[in-house]
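Labels run A, B, C, D, E and F following the written order; every chain starts at residue 1.
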Amino acid sequence: MLLHLQTWAECEAYLKRSTAIIVPIGSTEQHGPNGLIGTDAICAEYISHRVGEQADAMVGPTIGIGMAQHHLAFAGSITMRPTTMIAYVRDYVRSLAVHGFDRFYFINGHGGTVATLGAAFNELYAEQSLDTTGILRRVRCEQRNWYETTGVKAISAKEYTGREGSHATPSEVAVTQFIHPDAIKRVGMEPVGPRPRRYTDSRDLRSLHPDGRIGSDPSLATPEVGKRLVAAAVGDLVPDFKAFVAAA
Amino acid sequence: MLLHLQTWAECEAYLKRSTAIIVPIGSTEQHGPNGLIGTDAICAEYISHRVGEQADAMVGPTIGIGMAQHHLAFAGSITMRPTTMIAYVRDYVRSLAVHGFDRFYFINGHGGTVATLGAAFNELYAEQSLDTTGILRRVRCEQRNWYETTGVKAISAKEYTGREGSHATPSEVAVTQFIHPDAIKRVGMEPVGPRPRRYTDSRDLRSLHPDGRIGSDPSLATPEVGKRLVAAAVGDLVPDFKAFVAAA
Amino acid sequence: MLLHLQTWAECEAYLKRSTAIIVPIGSTEQHGPNGLIGTDAICAEYISHRVGEQADAMVGPTIGIGMAQHHLAFAGSITMRPTTMIAYVRDYVRSLAVHGFDRFYFINGHGGTVATLGAAFNELYAEQSLDTTGILRRVRCEQRNWYETTGVKAISAKEYTGREGSHATPSEVAVTQFIHPDAIKRVGMEPVGPRPRRYTDSRDLRSLHPDGRIGSDPSLATPEVGKRLVAAAVGDLVPDFKAFVAAA
Amino acid sequence: MLLHLQTWAECEAYLKRSTAIIVPIGSTEQHGPNGLIGTDAICAEYISHRVGEQADAMVGPTIGIGMAQHHLAFAGSITMRPTTMIAYVRDYVRSLAVHGFDRFYFINGHGGTVATLGAAFNELYAEQSLDTTGILRRVRCEQRNWYETTGVKAISAKEYTGREGSHATPSEVAVTQFIHPDAIKRVGMEPVGPRPRRYTDSRDLRSLHPDGRIGSDPSLATPEVGKRLVAAAVGDLVPDFKAFVAAA
Amino acid sequence: MLLHLQTWAECEAYLKRSTAIIVPIGSTEQHGPNGLIGTDAICAEYISHRVGEQADAMVGPTIGIGMAQHHLAFAGSITMRPTTMIAYVRDYVRSLAVHGFDRFYFINGHGGTVATLGAAFNELYAEQSLDTTGILRRVRCEQRNWYETTGVKAISAKEYTGREGSHATPSEVAVTQFIHPDAIKRVGMEPVGPRPRRYTDSRDLRSLHPDGRIGSDPSLATPEVGKRLVAAAVGDLVPDFKAFVAAA
Amino acid sequence: MLLHLQTWAECEAYLKRSTAIIVPIGSTEQHGPNGLIGTDAICAEYISHRVGEQADAMVGPTIGIGMAQHHLAFAGSITMRPTTMIAYVRDYVRSLAVHGFDRFYFINGHGGTVATLGAAFNELYAEQSLDTTGILRRVRCEQRNWYETTGVKAISAKEYTGREGSHATPSEVAVTQFIHPDAIKRVGMEPVGPRPRRYTDSRDLRSLHPDGRIGSDPSLATPEVGKRLVAAAVGDLVPDFKAFVAAA
């Protein structure tokens, strides 16, 4: 059930049975030699839509741009500064809270966004905690990384041991290949990217990871494994989402 | 050519022949009895993708949430406050400017965003105008409303005279019906919505326009006209975009 | 009735019969070879004061600095960045809302400010639309450009056809000559300034319009026409203001 | 020499002989039973214009709204929040710095603005101090309260001993009576207003000072003394301004 | 009674008998040849703790970083920009207001922070003054500079006449020597630092005051006088704090 | 080597041999029945000072207030909103970068701050990544939680298995008992606090954890174990800090 494809009256009807919404959040950033710039947004959106279907839940518009300052030395990468993302998530959530939504389940596709999204939740909660009158509508937010679900990690461990890495991974590239078979890129690359110390800004990341991969070998990606990864992620996220909704 | 479906190396290659990018910008807000909440984003994105194809130009990620405070009294509507949108557009543009993009052509689907997007451009330009050293990379931005192109207005005048209105119009609903034939909604409604004075905030808009339409009769919408509207918009925007790129 | 020349008790008395206020808003920016830097503020203030007199309405302090980043390549120009103007207008309006003012009629003298002022209104309205409790006092704002009133356009069309342009126009220069006859400047200039594509930032504007005019021939300005323009603008704005106040 | 009445070319010519500018800064706030809401702006503007004449210096547009949150319980008072004023002063100064102005001499008419204006200067200086490359144009700012000049204090001490108070003073009311003889208000009042502890917010101020005066007896004000006060202030400020300009 | 050393239940108990809190506020900035970078924080904290003991009052965490942009040309100096300090003080105060604290007595050790702290108070008050419903908890703030208390000035006048200066003073150095006898620095210096015109940014300050002192001779400092200064400051601040608490 | 106890010249000398600095960061928030409100700041500061001694490194002023919105329902808790903390950390780091510091090693005592501090680092890095000219001084930041070092976890596992919890833990309480033996609180409490789902805002946390503990039994804390925990944390952090400094 995609918010974008509902009328307002249908959305109002939905709110009578549920006040929860799924929010796909990705990023627009380089993903190595054969990864799509939209990888994180594509994966998060596709998986969220499937979770919404299976859980019979509303899915909001995808947040396609994330916190990706560290990738700005590679063409096509776009970032929201953390303060911008905090304002953006705040408006997104407070708008829907006007209508009665109060549980926001973010399905995230980008590790670089985790901390800032956590900060955004706390900015929202701080408004509530500093409100001594209790008139502000209170919301509850949660974030889950699809690539860290149990099922996904099991498949990755089996298929890509030691070659998964942490960015431009074969897993995420596989998922995009499954979703966009027409956009599979054939690019030669060294087997596994370097994985030295933690990067800081974009120049630093590029000097450490010249082709954009971080400890990964995305040449291993295939649409077939991508399909299984989606199923595994959805299989884990649906009950987790339901538990979030059901929690007192 | 969608940025989301490129690798960073492909984007880098593109920059050698063009520094221009098309940015679809819509909104997520109620669109009357039979209009989709995602109408403005859906139309802007679809038309932008077609313009990108025909002009052989890069298309960036869709900005799916706009300035829609006036619709917040209807379920499902989401707004960015103007200051948030200014920060968001600023980060979007400045990120791509790092890579060398310097011409940004926004194809807009929502009248309510026009002023704020104009303000966002001026915030970007103000950075440049206040920079006395000239070290900041200068960008040029433009916005065009697809629904105000000559071709679209001609079709609308012929098909929907006196029933087009200014929100939840038969034109935009027709375009979404063409794009999403599975999401056509059959809803009874009065022929033409009321069109009194200009609304202000969301409560005001709802009191003036109880079902969300503004002077429009979207029951007239058909996918067939939607298809023609898309073609007309694209036909007008492609040469306009090219002129923008070619301008000294 | 100028707010500046009232005591607080007189203002309180006014509020018993009206909650509307007129706000002159101009700009401080270059106006070509013979135009005053204060042109937009001078015109907006003078016309607003006359409207206030004829409509027996309160007139607030003039906002003399506008969004003028595009003129910063010419000495003496001052801009508020859009985000600054949004904060400034917000504080101006919310302060007066404390006292009970709830209708704000901005008489504007500068095209460059229109979008940002519109964004500022939406920032105010967004506060109201995101307020679910309804405790925030709701305001209604409107803006009118004096130079686009019917009467002014008729005179301009007659006196300056093809030479009015869009900046440093003979109309606005004429109005300032009427108001400040001692500050009429005699400067030689080419008959009509260039009018190529739309400018972006200040360096761009200056490269397109080397003497600051945009498609205009302000050498035609005379105080006599200025006097008639003021009368025409006031004649159109007074009933428009009254309609704004009377609207349900 | 008023910036508002110059052309950009005249301003450019001025900059060849001086990079200093005088900035009048006042406030729009209640001034007791017989004081005008615009008192602080009126006084600061008038005195600044006279200083500009005698010192042959440029005078910028008046900042007519100040930090006046404490007066908001009286009708007609308008405040900029401190953060808004900091942004506003920052834009004002940085705009003129583009043209080459680098010495800003603020003539202030409102005690409530002093701290915030000082903070605004430090925000500007912090930009410069955090700029390690030295590319940002450096400016120097100063503020002077006209009502605290030696000459003004001498007259006040002689004319109003024990009745000057600190707000809605006979001195400032006298100055406005001299400037606006048509707006002299005849209002009965108790001889001297109360002067208890320092106020905080607007409700607090009103509870301590029910008619808006603070320790003052503005019924003593006459235009004749107002004229002398202006002369005294200007007499002190002109050499002080010149010393500011001349300082290495 | 230090907040840091209480449990929440103890703090809750305190609130039953008092809603006042003392807040030490200092700075981290160069203090001349023999002064510690932490001088202002050290003095404010130590004196505040003593005042808290004698007044049986709660003392909050020390704000150790102040507005010190002007010292940034000397190693080790740290500043909060004014806007940052305003946000910081706002959060500090609003957090404690949640629990019921409503009187905040800042004991300040740094002249450069005075204006910005005043602006921060007004930002807090502006929230209250713009709140028309009265639901926001109202607070009252005060600041006192320990070095300007009567007792301190008397000792300084006696011990350091003409050599006290306004920064890196013998008084404040003496107090730190008393508090940190192990960190007394022996550094040769000229008798009294220069004291020309007022500085602006950090490069300006350093050019005027090459070793960081401003008109002072801190070589005179001794722990013995430091001890007396502390006693004097505390002696003056305790009754002043009590009066602040007792005020209606 | 505490920055607070150095002169600027000593700091300058230090910078000749090292550009790294340790920054203690804690929080001021309730810590259950027997924990001090300052627990997180006290632990982070004390451990940082010891690490500084053993690593012969500079230690900056403690950031004593963290992101603690979730504790605001308990008296004495203070929070910085995430956006405030981002501004604060930004100013702290950029100030020291002026002097040449470029490696910032934060020793953190509060889990609730981790995400926001990560966001703050990315705000700093985003400035660098968006700076196309490379003129901004680049910094590198790292954060370590002392309570998650290997040595600390080993002791906790041995001493407090199943009773450590995640807030108001026996480990952190033990450390404060070692540091402040005079402030050990004797308070009766149930053996282990509840540990249900993740909390959101402060009301939510208090409803889940009525006495402020989260899954912990801090009645087990003793100063003796506290002493060993400090030694273990320092033992792990010193080489980690050195590796951070030595990294290319």
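Just so we're on the same page, a residue touches a chain if its C-beta (ideal position, glycine included) is under 8 Å from a C-beta of that chain, and two chains touch if they have at least 3 such contacts.
All values derive from a computational prediction rather than experimental measurement.
K.L.:
Give me the chains shared as neighbours by subunit C and subunit F.
P.N.:
A, B, D, E
K.L.:
How many angstrom lie between the centres of subunit D and subunit E, each centre taken as the mean Cα position?
P.N.:
Inter-chain centre distance comes to 29 Å.
K.L.:
Can you give the whole-Å distance between the Cα centres of subunit B and subunit D?
P.N.:
Each chain reduced to its C-alpha mean, subunit B and subunit D end up 46 Å apart.
K.L.:
Distance-wise, how many Å sit between the C-alpha centres of subunit A and subunit D, to the nearest whole number?
P.N.:
Taking the average C-alpha coordinate of subunit A and of subunit D, the gap between them is 53 Å.
K.L.:
Residue numbers in subunit B touching 2 or more other chains?
P.N.:
72-73, 79, 81, 83, 95, 98, 129-130, 135, 202, in rising order.
K.L.:
Following the definition at the start, I'd like every touching pair of chains, please.
P.N.:
Result for touching pairs of chains: A-B, A-C, A-E, A-F, B-C, B-D, B-F, C-D, C-E, D-E, D-F, E-F.
K.L.:
Show which residues of subunit B lie in contact with subunit A when the two form their complex.
P.N.:
Answer in residue numbers: 2-12, 15, 28, 30-38, 41-42, 60-62, 64-65, 72-81, 83-84, 87-88, 90-92, 95-96, 98-100, 180, 183, 185, 187, 202, 212.
K.L.:
Provide the residue numbers of subunit C that touch subunit A in the complex, in ascending order.
P.N.:
That would be residues 129-130, 132-133, 135 of subunit C.
K.L.:
In their complex, what parts of subunit D are in touch with subunit E?
P.N.:
That would be residues 67, 69-70, 72-73, 79, 81-83, 86, 112, 114-116, 118-123, 125-126, 128-130, 134, 138-142, 197-198, 200-204, 247 of subunit D.
K.L.:
In their complex, what parts of subunit B are in touch with subunit F?
P.N.:
Going through subunit B, the ones touching subunit F are 94-95, 97-98, 135, 137.
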